[in-house]
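See the structures that follow.
In the two complexes below, chain A is the common chain; its partner is chain B in one and chain C in the other.
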Partner chain A sequence: LEAEAAAQADTHPSATKNRRSSWSLTRITDISASWLLAGAAAFLILGMAAVVLFLARPGVRTFSFVSPANFLAGRTWSPASNFFGAAPLWVGSLATSVLATAVAAPVGVISAVFIVEIGPPPIVRLLRSAVELFASIPSVVYGFLGLTLLVPALQRRPGDTGLGILPAGLVLAIMALPTIVTVSADALAAQPRARREAALALGATRWQSTWGVLVPAATPGIVAGVIFGFARAMGETMAVQMVIGNAAVMPRGITTPAATLSSEIVMEMANTIPGTPQNDVLFALALLLLVGSAVLIAIARRVARRAGGANA
Partner chain B sequence: VDRIGTGLTWVIASAVLVLLVAILTILLKRGLPQISWHFLTARPSELEAGGGVGPEIWNTLYLLVVSTAVTAPIGIAAGLYLARYARPGRFTSIVRFSAETLSTLPTIVYGLFGFALFVVTLRWGMSRLGGALTLSLLNLPLMLRLSEESLRRVPHELEEASLALGATRLQTVLRVVLPSAVPGLVTALILTAGRVFGESAPLLFTAGTTVAHRSPFGFQPFASGETLAVHLWYVNSEGLVPDAHAVAAGSAAVLILVVLIFNLIANAFAGSVARRLGGGRRGPT
Partner chain C sequence: VSAAGSSALLPLAKAAAEKFESAHPDVTVEVSAGGSGQGLAQVEQGAVDIGDSDIPPPPEMTDLVDHKVAVVVFAVVANPGPFNDKVTSLTKDQVVGIFSGAITNWKDVGGGDQPITVLNRPDNSGTKKVFVSVIMGTTALAAGTPVEDNSGTIRQTLATVAGSISYLATPYVDNTVKALALDGVDGTGDNVSAGKYPFYSFEHMFTKGAAAGSVKDFLDYMASDDVQNNVVVPAHYLRADAVK
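== the complex of A and B ==
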């Protein structure tokens, strides 16, 4: 919205004045240049359409051999023997993301409060760069760490694999943390100064003004940040695939091997031939993932926009 | 309660810092001893110990250059369009919607898209070019957003002064707007390029998990091109080498070092942008 308002401001009068001048060579290059730039912008639409098209074609083909209801609710995932029930996978995706968010959200929101309200500037700067760095560590590196540190630590009894939803959720918690911290810190920082000062002037302690006034006022933004973090966790692939154990069964606990939508795509892609039902169904999984994350992002955007409206 | 609450936020904040330091220390402590000239240049080995990651590093750089060469011009041009040309309307809002949607897609979705387009439809097989183009599309929304932001920060007065002097729109854009936004654009370039190093999910089924056997350090765009991040995954999950752990630790350390370097450079550039805008003395001429 902000960007659009700014774009409106950008069409300044000098442009229209130029348009009236005569058709010279420079004028023609000027116009073709603007078409070229519009073409570059159109490239994004093309890319978006291409992604949807190329996923939808094999994805939709899936439903010629399995009904959407059986695909979503079926509890047996065994494509090799033509059982295409994806429930174990999306349950796995949801379970890992819920666990990750449950760990990351409190830590993230408290860190955001520290950044905006409490920390002295040098430490806040340090924390901000730490969060940036967390965000830029490659997902395979997180997976490698999980596999070599977390998984052995979880092997309590002989026979334990240590793999499963628990290590996946913990690794994802670290990966979702930067999103939650950044978005919630922005929401807190957007609170008008007057609101905080009013609370303090009424005799509130910093604790009361922070948790009684500022955090509630910033709640929509914080919720949006948490949903973004959740979506990030759900779309994550490689780190999860490395620590979850890749057993596509209904999860019975958080310490037994399981699988997610994305991890199963990685596992099966190499073993299947394009054009076969076994391969097509993976595109249906990707579509499910795409739709799920699009819905989450849309909800988060709506919540965040409401927050923006309330502050204005 | 005030004290306890404040104390709690301090504890959490320092825990986050400690966690990061711990992660970096562990990665570097395990990985640095593995890094040698041999490790960085030798070919990987399938079965015996002692393989290197030379071709993987070469492929990563190859993909970095090719994908950036595609992303940067399109991203900057589209950013310029949205920042300086676009009027609100259906076209602009569809462009924005597409960019936002593309930027939130899970990376594995890009992997399947690249596979369906480059490997299946165009029959390229696993190829460096397919991987690079998949990454280009993945990076495009970020490049667009960052370059639009930095172009918007160029003050309007500069542009109007140039137009008032009789310059055409294109001259103004090329000689005034773009040059003043250079530091921001370079930061955008570094940030998007940095992502190429870490990506693996979009590359598994497009650039592949093997290196070109005949000339692993060549330029052929249609040879398979496993990158360092993909290799780190591969040796951990499917690799058969006895020293998989050492190779993985070394690769992880190289990746982390690259990430640190890219972050430092990007921060330095972002800092120079801030100084430039804050100082205002060194106006672009």
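== the complex of A and C ==
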């Protein structure tokens, strides 16, 4: 680019002076823009690296007093008494997220189909803004709604607390919905128009072309959306902590108090002393959560890439 | 002067800080709450001047100096209902039985037929540590009970869940829940001072080494009659010197 600019300058000697100053301005803009972009990218990468390192040091220190196997498979979580078995917590995380996804995935995918294929434009616009609104509500508000509406409704027998995996999963289902709807709707909307037209030209009804052609073709994207929704549910903390009951024991059912990785971190972090095993092990929980999310995202990306390949 | 730590102590420390600042316009007192553990760690690291805590520091923090600023009294607190109208006091053994899971119905402690739902605080909460050391001793708590990370949520749950029972600092006790006497003794200031009621603890402010300068002035002010009588007592705590 520089050489080209110089060559151009040579061919217009009369304008050299004038041009040179504007080029140098362009070059300054160019250089500063590229630095800005590189800086932003570096900031992102450094930030990620900092998060990993920050979690890794105390997290790894955990394994000086509990073996990775006992940490992952141990069924007793009571750090104050030096029992560091995290199984009740990751089982709790998985159970709430699976329940949330089981509820949110069908509703989300059907909503996405409605938005892209069926709904009349005014209703679709309304629905889209509703989804955006859902996504922007702070999680503490969801938790509060769960605590004041859902939990009392689940107190069926006297003495029931109504707290547990069921209310947590239902609150998470609502919170995972926007992710699933948005990603699925994008996957459906990205289907080439020709595919729709071909189906209709072959005499397919709207129902047949939607469910027989478009949804199957968009499946990888929809699956990616569902996985992102699952990851969203697994990382959620505040809303879960408010309705799950925070009993760090192996869940015995979906209506008894349980705990998740993230809820346990927030329960214990403030009162533990940095550098103690009780505090270190919380970082190990965070590390486990990070690894779980990374695996989920990697799977979702792989699935979505397959979608890209299929469309091309 | 900067202070950080216990959220239970925050309202007291904040009120005292405001009064102190208006008397000493050249000094600012910053008070924040992130939990007792954080308070201890931050004062040990020198990040703050004062670490607020409900719990004693771990043995390795040998250079922390304790300043007791108030006494907080706790109570065993239950959901009020017809099933426990007649129950105004539990013996220590009954409380241990309930929280260890050996006693599961109000009818076994003199009340009506109503299953007991036990609520707990997290392992590292100061309230729970005091409950375990004063009441439970070496008996293990029943596992699998709901745990709430703050006293306000415990009170709200106690008010709504039939047959529920937990323990609370008395400043949190109001008429939506029922505080029970322990071995027939109410958790009043007089009973605590007289040594008849054991379920209490001190609120601490720790400094790294001896306090000096403005920090010492502020701690002296915390211990003064002005704060003890006009801040601590109205907030339903006891004066730091209520227990010798």
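Miscellaneous remarks
Throughout what follows, the second predicted complex is superposed on the first by the 273 of 312 C-alpha atoms of A that agree within 3 Å, B and C clash if a C-alpha of one lies under 4 Å from a C-alpha of the other, contacts with A are read in each partner's own complex, and residues count from 1 in each chain.
By our rule, a residue touches a chain if its C-beta (ideal position, glycine included) is under 8 Å from a C-beta of that chain, and two chains touch if they have at least 3 such contacts.
Keep in mind that this is a model prediction, so the values were computed, not measured.
In the superposed model, A:Gly159 lies in contact with chain C only, and not with chain B. By the document's definition of touching, neither partner reaches A:Arg75: not chain B, not chain C.
Look at A:Val266: by the touch rule set out above, it reaches both chain B and chain C. Within the superposed three-chain model, A:Gly245 lies in touch with chain C and out of touch with chain B [touch as defined at top]. Put simply, more of the residues of chain A are touched by B, taking chain B and chain C as the two choices. When the shared chain is aligned, no partner comes close enough to touch A:Arg302: not chain B, not chain C.
When the two structures are aligned on the shared chain, A:Trp207 is found in touch with chain B, with no touch to chain C. Of the two partner chains, both chain B and chain C are touched by A:Pro274. Residue overlap on chain A between the chain B contacts of one complex and the chain C contacts of the other covers 241, 266, 269-270, 274-275. Against chain C, in their complex, chain A makes its touches with residues 78-80, 152, 155, 158-163, 241, 245-249, 252, 256-257, 259, 266-276, 278-279. The touching residues of chain A, counted against chain B in their complex, run 3-4, 6-8, 10-12, 14-15, 18, 26-27, 29-30, 33-34, 36-45, 47-51, 54-55, 57-58, 107, 110-111, 113-115, 117-119, 123, 126-127, 129-134, 136-141, 143-145, 147-149, 174, 177, 205-208, 210-211, 231, 234-238, 241-242, 262, 265-266, 269-270, 274-275, 282-283, 286, 289-290, 293-294, 297.
Interface of chain C with chain A (complex): residues 7, 34-38, 40-41, 55, 58, 114-117, 119, 122-126, 143-149, 157, 160-164. Those residues of chain B lying in contact with chain A across their complex are 1-2, 5-6, 8-10, 12-13, 15-17, 19-20, 23, 26-27, 73-75, 77-78, 80-88, 91-96, 98-102, 104-113, 115-117, 119-121, 137, 140-141, 144, 148, 152, 156, 160, 163-164, 168-171, 173, 194-195, 197-201, 204-205, 229-230, 232-233, 236-237, 245, 248-249, 252, 255-256, 259-260, 262-263, 267.
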